[in-house]
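Below, chain A partners chain B and then partners chain C, in two separate complexes.
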Partner chain A sequence: MTAIETRNLTKHFRDVAAIDDVSLSFAEGRVHGLLGRNGAGKTTLMKLLTGQIFATSGEMRVLGQSPLENPQVLAQTCFIQESQKYPDGFRPLDVLRIAEGLYPAWDQELARELIADFRLPEKRAIKKLSRGQLSAVGIILGLASRAPLTFFDEPYLGLDAVARRLFFDHLLADFADHPRTVILSTHHIDEVSNLLEHVVLLDEGRVAISEEAETLQNAAIEVSGRRDEVMAFTAGADVLHLQEIGSLATSTLHAEPGSVERARAAGLQVAPVSLQNYIVHRTTAAAAAPVA
Partner chain B sequence: MLDESKPLFIAVAEQIEDGILDGTYPEDTPVPSTNELAAFLRINPATAGKGLNRLADAGVLVKRRGVGMFVTVGAAELLRRRRRDDFARAYIVPLLREAAHLGIDPENSPR
Partner chain C sequence: MRSRNVIDMHLVNRMQAFGWPLIAVAFALAIMLAVGAIVGSRGPEAQAEMYYGLQWNGAIFALLGPLIGYGFTSMGQYFPLALGLGLTRREFATGLSVVFLGNAVIYSVLITVGKTIEKATEGFGLSIRFFDVFYTSTGAPWQTLLQTFLLILTVLFLGAAITAAVLRFGQVFLWVAAAILALIGLGILSGVLLLDGFGRALLDVLTMGWGPWMVAIAVIGAVSAGAWLVLVRRTQVS
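So, the complex of A and B:
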């Protein structure tokens, strides 16, 4: 089943196309990564899919229906925004109490456990929380809501390493016990890459990649060795990045079946390319393409 | 902890295989569940499940409905036989190549 489907979805802000002709599909019950540089359109896409803003053109189906003004869809959707605003004087306690009434599958016990784990001062005014504590409020909401469709927009902001690990482990454990569709937007790609099953990369409002994470993790290899040997090996290949120092070179290229074996046979060192590095290469390569 | 140069589910499968070969998972006993593996290795449960299914398809594990995956009787021998076949390709060939780089003659191995 498909949780989300968009066709030619487009959103203009004045003359800027923040989302430009995006046709995507997100399968149900999986963890999807929504990646891209700042300003690539990730937040705009999530706002469109949760009915917070209106599309300029195009179509979308969320849980089989249009999300616009649709309580049936929205009750099953939880959107944790990076810059969520709360009413003045609200404390985490108040937010969680309201959330309990909003989300049919809310788990109060999990919420209590998370508050303790994140050491969130639940009776302090939200205005006085640190950036990391504010992120923790969102994470607790997102996890304890158990919404069939959950969006996390940069949930890591301001979180220390311990809290990031907490989020990852709780998300993984809760997802395993209560499978649902999760769309995770983050710049900390390396930290979540083993959790993602499907990856969408947005670049300037367009879909640069929509692919299985496993495929991407093996999509490129890094070969290094003597410069002339690296050059000979990569001639005609789809090279993403080349670095040279003296008589040595390191080249990142798209892997083809048998590439690893052939590179080793040619006496080159072969290393895997992490999802994060692959995304970086794909993004900068795309940005450089029109100039070349 | 997992071999990053391989698809994740294959690294998961190989880690279970290692456990079977070194006796961590004796024959006819259960291996960790998908969710236990996922939490321990910090990977998606679907990936962990794919690794286990790969071993089930190879006859190394057997599914027992409602209980989980168990090590097949004879699994260790099966794995040993298969890995012996891979041994030359994975270890001997690179060894000889490095020896050649270093000017070591395999016939007159150094002390």
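So, the complex of A and C:
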């Protein structure tokens, strides 16, 4: 089953195409990564899919229906955005109480557990919370909502490493017990790479990659050694990145069948490329490519 | 009834919803009582003059003022949260309309009760006028109830409509609105100075009876509510 499907989806802000002819599908019951540089269009895409903004053109189906002004869809959709603003005087307690009335599958017990784990001062005014505590409010809301479709847009800005680990552990544990569709947008790609099953990379509003995470994690290799040997080995290969230091060089290239063995036979050192580095290289390579 | 959550949101900050308006009223009333006591000490003639003059006393705007801000806040702060929590614009509009109606009922009843007490006690024993003034009607209590209800509802919808327009069109709306208001002001001033009979006609309009004024307020309120309902359906959260 498909949780989200878009066809030629476009969103313009005046003359800027924030989302440009995007056709995508996200399968149900999986954790998807929505990646890309700042301004790539990730938040815009999530806002479109949750009916917060209107598309300029194109189609979208969320849980089989249009999300626009659709309470059936929106009651099953939770969007945690890093830029969420709260009215004056609101406390985490108030936000969570209201959310409880809006999400049919809300788990109050889980909410209490998360409040304790994140050490969230639930009775303190939200305006007085630190950036990390504010992120914790969103994380608790997103997890306790148990919404069949949950969007996390940079959910852990300002959170320390311990709290980020807490988020991953809770997400994984709760996802195992209550499978649902999660769309996770983040710049901390390596931290979530083990969680992701499918990855979409947006670049300047367009889809650069839509691929299984496992495929991407094996998509490239890094070879290093003497500069002339590296250059000889990579001649004609699809090189994503090349770094030279004196007589040494390191090259990241798309992995072909047998390329690891050939590199080792050529006396080069071979290392895997992390998902984060692969995404960085792909984005950088796309930016550096000459315009046709 | 997910719209109920919009009402719940507005009741979270009880100080904003009820506390500050009531404190502002109490503070303004306390000042008026002090004025009444001071003037009363100067004799019955001064007291009578004060009673007559206070029918144009604007201290009641200590209550109406915060309510104008309430309309702005509802659209500016509660609308983004409502959409963020998955409410539709229609659900938000329904819930907020109920909130506005509730506010108008509560505060118009409060003012009417205040006026009734004020009249029964001859200005709280000090010959002051706080609730029984031109802006809340100096007529019968039912007129005060209707006038304040319409006035409060109108300012709430007007505030919401202005904020919705700012969210929809940005700063351009404010500049255009300010320019139009300035042009209207300039037109009226020019008419008074340059056109024979314009000033008289304007005065006739401004001194029209209570009924026509209520119709005028109701029309402004209805137009504001209509504009807000149209705008909110196309408002995006940036």
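The rule is simple: the second predicted complex is superposed on the first by the 290 of 292 C-alpha atoms of A that agree within 3 Å, B and C clash if a C-alpha of one lies under 4 Å from a C-alpha of the other, contacts with A are read in each partner's own complex, and residues count from 1 in each chain.
Here, a contact is a pair of C-beta atoms (placed from the backbone, for glycine too) under 8 Å apart; a residue touches a chain by one contact, two chains touch by 3 or more.
Predicted model, so just to flag it, every value in this text is computed and none were measured.
S.K.: Please determine whether it is chain B or chain C that touches the greater number of chain A residues.
M.R.: C
S.K.: In the superposed arrangement, which partner chain does A:Arg14 touch: chain B (first), chain C (second), both, or neither?
M.R.: Once the two structures are laid over each other on A, A:Arg14 reaches no partner at all.
S.K.: What does chain B use to touch chain A in their complex?
M.R.: Within the complex, chain B touches chain A at residues 4-5, 7-9, 34-35, 38-39, 41-47, 94, 97.
S.K.: Which chain C residues qualify as touching chain A in the complex?
M.R.: 2, 4-5, 8-9, 12-13, 15-16, 73, 77-78, 80-81, 83-91, 233-234, 236-238
S.K.: Looking at the complex, which residues from chain A come into contact with chain B?
M.R.: Chain A residues touching chain B: 30-31, 168-169, 172-173, 175-177, 194-197, 214, 217-218, 264, 267, 270-272, 274.
S.K.: Going by the contact rule set out above, which residues of chain A touch chain C in the complex?
M.R.: 47, 50-54, 69-71, 74-75, 77-79, 81, 84-90, 94-95, 97-99, 101-103, 147
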